[in-house]
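First subunit A sits with subunit B, and in the next complex the same chain sits with subunit C.
Right after this comes the complex of A and B.
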């Protein structure tokens, strides 16, 4: 009788040990500000909110994936567009949290801001369980973003020059309409067609809406897309100039657009068109 | 069948018992419930449009979670620049049907029935069998970016249709989520939506408190045309919310016709207000507190033609109000909603007295207090346990003694206690349709309301059925 009882307790203990080990093996955490998330809690909300598109395995093959364009992110590849970290590195937990919170305009990914902070932080922890890279690699160090330079017509004009020189127009088009000569040939890391951003829509950028976020896109690139990082080829002051010019391509009321419109009304005829007929470096 | 009724000394007529073969069924049934009397809202047309599973917007459909609340507050828009119908396939049409084939049992205690020699007696009545709910045929969505709509023809189980709701809403006016204007017949922004709750039985499928109207005494009726804040109303609603809907307000100006079309009552207007604030409590989840008020007027008599009331000519308007406060509390998977409400009806309304005649001596404006606590345990998005207890206490009766008689009106006349318990199991959870196995039991006791003996009445419902929408 006593032996039977001991055997029973031993069995319970063994089962508990197995469960604990299994739990530890799948443990993944995230840290955003003062909040810590855990994958176990995140899995519940992943099943509730995310599984339909990203799929149970996190590979972007959810039941709705065939009908979605652009396709849902494949978390098993651990390649993310929106990062504060250098190209080729993992994003920070804050980056993933911001992406979940912000959503992606012109895609099926909505802003998940209505979820509590804890729920979103837990989701980040669970997303990190889909790829072993999160165990073998560390997130990159966030790129530094210096203070924004003043918005002047010189800055905007220099940005325009860079837009020509760095051949941004080849994808984004001379007027920023996303219709450059290379646009139709662009593909993402899974060889799926991907259009460049069309500035004339005025919609939010993939990875944010502020000038700082636009600056960061230059410096980090959008991994998994043809948009490269310019961190090694552009100086911070130049990058701010480019930001100021790009803002003039959007149909929005911004300080850049105001400066630009005032200048164009009197100097518009001095501008040379952007495009292939221009020799590099002859923007103005 | 496994159910039987037993009558024995000391046992109320029709008491539900189980024979031995029915024990297994009974154990299941104890947790369960009954008939769809309220159109409820869950719209897989949205899930199909956005490719999200039902569980994204619904804690357990049709009950909304905060993500669904924000989606609704945004005018059925996710705000990811894919909301306008221009982004949908031309063949897409946002239509949804919902129905609940079911088996249910209704037990009504102390019902008045004809007795021998033209007398009336009281008897318990039990009926049961397979049945249908009504049907909702929904279409809702966006006409354009920031212009949303909803049309809901709803039929009872016989197929008789009416418009449960029909409105157009202009969202994010002046680019602000704080200004949204809805025009038409709509669900009031009630503290806890009766249209989206998880109860279906004849006795539990609505909040008693949302529809309570006091009367002067047993067998008397009220002149109040107002059906309660649970009814959809005709008018305009100005509503606003923070981006995450943690802060919300709504103001509705409504025709005093309780949502009935054809201008059937008078020309006055009612006002409804609701405001709430949510806050995060760490891992417990989102908590919300709020307050609401409804102030209205109802006619007490009509112009007549040949003795028949002429619709829309209501006169002698008298007022009523409902005010209250509420909280929605989350403790992880467990959440509960609490609500308190105080109400008053003018004495003319409650005593069925036209305002062009004097009030009966001793009549007063009745007041009452009530509240409920409703709990949900969401085991996972596919299984939820539900429970509710509701109480209404009349704090001031319209009469202490019925006019022209020596019959006193008990202080607890019309008090109500209601209890419901059940569960819903969703065998499928994806973005095309919804299916739930629903079981629920509900019991309502009203004090001293039986017509012959002025005793308590108890009504219970038991329902099990498949609640589906597509």
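Right after this comes the complex of A and C.
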């Protein structure tokens, strides 16, 4: 009897809470999986954990910003590096959530795993209050990623041809050392120098560490940086070959690296070096 | 009786509505134009020769080395690549359907400044044997960055909002250009003699603005009375730096 009554009240409370949330829909929200975040709640943790770098106005000018390179993200510009969505579109809430959770390797942006899922989802909602673009524009439709093709030497070799043909080496260097002919002059969209990724020392990426995430990185590009999108020019099946080749440039023990090392020991002398001389004649 | 009354009201309403519609778009002849010349006084900065040695395939395309294009001057102190447009008084016009073209050739943007209307389609073409990445640094519009290797199809684009957008190629840092996205179809870009003409203008009072990437903007009021409002000239003060 008592229990039922309590349940009834709980039911009313729940209904009221739902109504309240619906009322707040005009304020900024976020949705990640089964969780919904709310900007008001996010603000509290933002002021506690993020403000020192990203600033009270979300413009990346927090009090620690002068000492940090790369600079904290300016949320008022609504331009984000790690997206599942095409270049020039807003990321999904999940993308922002993943970035906050993962942190940015080799930068001052820490992983925020210690915060609860709900806290992180609320933070995402709050980040979206800093630009009107979140009201006027929708997140892009995530790029489709087909199932990964098998790791074979043919796939790795074809990926290597693409690395040549797509001229990744102009920035990332012929061996992926981050020392291509254009590397020294690269600047981000705020005119600050930015180095290309060095595969030979990099074991992790800013935007995730799985092969799927690596696929996504060059198909969507890292907006706000020189790293362009190749979604219009690399076919989905070919993209997996490029992923497989990129893995051989990293100091990691991967299936790709194993296949590659075995082949290179016997066929290494057949390889033409990557770089300017090779430009004509490498077919896709 | 009642029905009649209703239908009468309906009729009046319809008639009234069409009258309002007519008043909104007076059938004025779009016959006038505004033309003039863009010049400078003072000493403009000297343009630097571009070192393209990092891209041999582009060096080959230029028998004589090309120079930077942020100030391109001609005979009699004329200035090329100024954008002249109606900044107020425009009657509203829909974007032309014909797509504009923006070419990458010899590691240069042709034209250096591409003016367009909001929503107007344009095509980006790579005519070089090397990859370019097209990176328009938009702030109001979406900022995107796409690679365009040689032999790939043209990229189709358009901008939903008015904005002056610097364009660059990160691979070839000397490549600089502008997308000038305007709220009007009444605009022109000054030619190599500094001359321009804005056509198809109905009679009326306009504010005309001239923009130049190095020298800034200037405006003047112009009345179009049917024929050509000739001699709408703009003079920029050039500072050598």
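Operating definition for what follows: the second predicted complex is superposed on the first by the 253 of 284 C-alpha atoms of A that agree within 3 Å, B and C clash if a C-alpha of one lies under 4 Å from a C-alpha of the other, contacts with A are read in each partner's own complex, and residues count from 1 in each chain.
Everything below uses one rule, namely that contacts are C-beta pairs under 8 Å (C-beta built on N, C-alpha and C of every residue); 3 or more make two chains touch, one makes a residue touch a chain.
Owing to the predicted nature of the structure, the values given are computational and were not obtained by experimental measurement.
In the superposed model, A:258 makes contact with neither subunit B nor subunit C. After overlaying the two complexes on the shared chain, residue contacts for A:221 are found with subunit C alone; subunit B is out of touch. With both structures placed on the common chain, the touch criterion links A:52 to subunit B but leaves subunit C unconnected.
Of the two partner chains placed around the shared chain by superposition, subunit C is the only one that A:167 touches, whereas subunit B remains out of contact. When the shared chain is aligned, subunit B comes close enough to touch A:68, but subunit C does not. With both structures placed on the common chain, the touch criterion links A:209 to neither subunit B nor subunit C. Contact residues on subunit C toward subunit A in their complex (touch as defined above): 54, 56-57, 129-131, 133-135, 137, 139, 142-149, 152, 155, 170-173.
For subunit B in complex with subunit A, the touching residues are 50-53, 55-56, 66-67, 69-70, 78-82, 243-245, 280, 282-283, 285-286, 380-381, 430-431. Across the complex, subunit A meets subunit C through its residues 77, 79, 86-89, 137, 165-167, 170-171, 181-182, 185-187, 189, 221, 223-233, 276, 279-280. Of all residues in subunit A, only 41, 44, 47-49, 51-53, 63-64, 67-68, 103-119, 203-204 touch subunit B in the complex they form.
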